[in-house]
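What follows is a structure written as structure tokens; I'll ask about it next.
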Amino acid sequence: MSEAERDDAGLPRDELLAPMLRRVIGVVTIVSLVALVLFGLWGAPTDEVQGDAQRVMYLHVPSAWLAYLAFFVTAAASALFLWRRTRAEVWDRLAGASAELGVMFTGLALVLGSIWGRPVWGVWWAWDARLVSTALLFFLFLGYCALRRIPAADPVGGAKRNAIAALIAFVDVPIVHFSVEWWRTLHQQATVFNPQLNPQIHGVMGLTLWLGTIAFTLLYVYLLDRRYRLAVLEDGRADRELERAIAERISTSRGVVA
Amino acid sequence: MTGERTEVSIWREAALVAGKDLRIEARARVALGQILPFGLIVILLFAFALDPDRGVLTRVAPGLFWIAVLLATLLAVGRAFAIETHHGARDGLRMTGLDGGAIFLGKATAIAVQLAALEVVLGVGVIVLYGVDVNGIGVVVLTAVAATVGLAATGTLYGVLAAGLRLRETLLPLLLLPVIAPVMLGATRAFEDGLGGVPGDAWPWLGILTVFAVIYTTIGVMAFGALWEEAA
Amino acid sequence: MSLVVRLRSVVCLLGRFPALAGADLDVGAGEIVLVTGPNGAGKTTLLRLLAGLLAPHSGTAEVMGCDLAVDRVAARRAIALVGHETYCYDDLTARENVKFFARAAGRRDADIDAVMDTVALSESAHLVHRGLSAGQRRRLALAVALVREPQLLLLDEPHAGLDAMGREVLAGVVRRAPSEGRTVVMVSHEVDIARPLATREVRVDGGLIETVVPRVAS
């Protein structure tokens, strides 16, 4: 890394979002989250069939949406890294940051779904196609994150390895989806899903759901930027340590020559 | 004097690697002496866990069979890459300049052959121990072939991804099992149809197993070389 | 004289440790280069880099005209490395190992028996690698390298653990190399044996290739 890429404190300059933009997104995220709490708990009417339990939806649905968005970003960034013409560290870091957030949102969607299901279905867990696929998705990318934590001998090679792992996991998503879908429709009639329980979404409820989706998406973008920055700083430290190690190594050899 | 090099097709190179792996297995007998008995004891233990009343076991036999095969796949994949760790064999193989796709096909073929042999023995074990009827032998065989190719392909792909990493023994199951969940699902349903049920119902599952096998074999041929290079 | 090896300011990492910290080296075709230096100087890393097993972190590294940063695989087919390990499979016989590596390197017509004869292993060719003595294993490692008819032969401490017969075999192989169109880069601690074989000596220390001893009149 050249001197121009570092600031006065010797830190790398590389940022995902411009600081001003990040601050704006941060403030809007907080405002929209507060609005979501107000609308979700008081603004939206109580559901006629499910009662207050239905309010979990305002968090559950945005979480599930974010999970898919995050994994899609991971796959797209990994593909961009593998393609030689667009290969850059930014895609590797973005893929890793997005996958971690994706696992978090997937986990959140599963827990919230379970909390929602208990009063509505009477069970914590149902062998519903979407639940099962989401659970598998969670483990698919949990494995990817575990792989990322193990450093490779060569940084570029490690990033390539991670990108391939992300893509082969992502390819599995539609296969998992279809097989689980068929499993639950071909071999067992849906028992817990009563069509009448599915809430009709309109009015303030729909608005609240949109609010939740926007708030969570902004939160995702903000966290993505922060996680990206953390990866930059980690790499920057590794680079500085390497420069020091090379200098040290050369100095030992000069000593011998003298 | 340097001799002339003959251009070799990917199939011949794959056959060379598969032949090497199978010859080593024939001598070392790890699959035969350890992985196969492991599969059988798993089948036996399921009968302890469930009521060995024949009704229950017959109903869940397809699932138990494929769980046993899945666990054996983890061992077989670990073994296939353990071969390459002694005496720096991986460096030796890398230096030959063998095509990555050929190494993938060779190693996957060797794993598939071993799994197929294991499935035959486990299948007989399940029929004898669990009292299972076979209605459609054709469906059962086709399912086993498609599922085995899928398992061997994903296993080889994730095997090389984890090869050389510290913690690979624990990482491999976490990486591999969620990916092969559709194989577990499809093969179990197809076996249910082919054994006790209506064999004709198994076609959609056979389709999904075949798609899975084709997709991951293709990815393996394309990606193995890069992963093999990076394996520390 | 065409260059077989061209290194310019090469940094090569082992994990985060710069085993080579800016190395420069030229090796011409037909040279027999002896590499010396203290333990931990980066000698083995240098040979593994030249064999195409490691990627340079920075700098330019070209072997047989291939840029190692771009394509290590293409260079490998014309290179053989005799390292600390034999690269052989325990459960295959000596002959099967040699045959496998010959075929894998695209040498389907290689004369396996002649190579086994060269390294004086014909008698033990039917023994599995596991059952070979340490001295026999060292000679087998040499056979695995020779059967590929490499243009660049890399020897990492080839004298270590080699019996008297093996040393004779090795000396013959190295002496014949230039007439067979082969370039040799050899790392050895046993300079008394290795120096008379070499046409040039370089010294590696602290990750740099620093002292170039002028060509020895051969």
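Note that the chains take the letters A, B and C in the order they are written out, and that residue 1 is the start of every chain.
By our rule, contacts are C-beta pairs under 8 Å (C-beta built on N, C-alpha and C of every residue); 3 or more make two chains touch, one makes a residue touch a chain.
Only a predicted model underlies this, so the values are computations on that prediction, with no experimental measurement involved.
Contact topology of the protein chains: fully connected, every pair of chains touching.
Chain nearest the geometric middle of the protein is B, using mean C-alpha positions. Once the centre of each chain is set as its mean CA position, chain A and chain C turn out to be 48 Å apart.
The geometric centre of chain B is 37 Å away from that of chain C, both derived from CA atoms. Computed from the mean C-alpha positions, the centre of chain A lies at a distance of 31 Å from the centre of chain B.
Each of residues 229 in chain B touches at least two other chains. Residue numbers of chain A whose C-beta contacts span two or more other chains: 153-154, 157.
In the complex of the two chains, the chain B residues touching chain C come out as 1-8, 13, 16-17, 20, 23-24, 27-28, 83, 86-89, 91-98, 225, 229. Against chain C, the residues of chain A that register as touching in their complex are 151, 153-154, 156-157, 238, 241-242, 245-246, 249-254, 256-257.
Looking at the complex, you find that chain C touches chain B at residues 48, 51-53, 72-74, 76-81, 83-92, 96, 100-101, 103-110, 128-129, 144, 148-151, 180-182. The touching residues of chain A, when paired with chain B in their complex, are 136, 139-140, 142-144, 146-147, 150, 152-154, 157-158, 160-161, 164-165, 167-169, 171-172, 175-176, 178-180, 182-183, 186-187.
Contact residues on chain C toward chain A in their complex (touch as defined above): 11, 13-18, 21-22, 38, 41, 54-55, 57, 205-208, 210-211.
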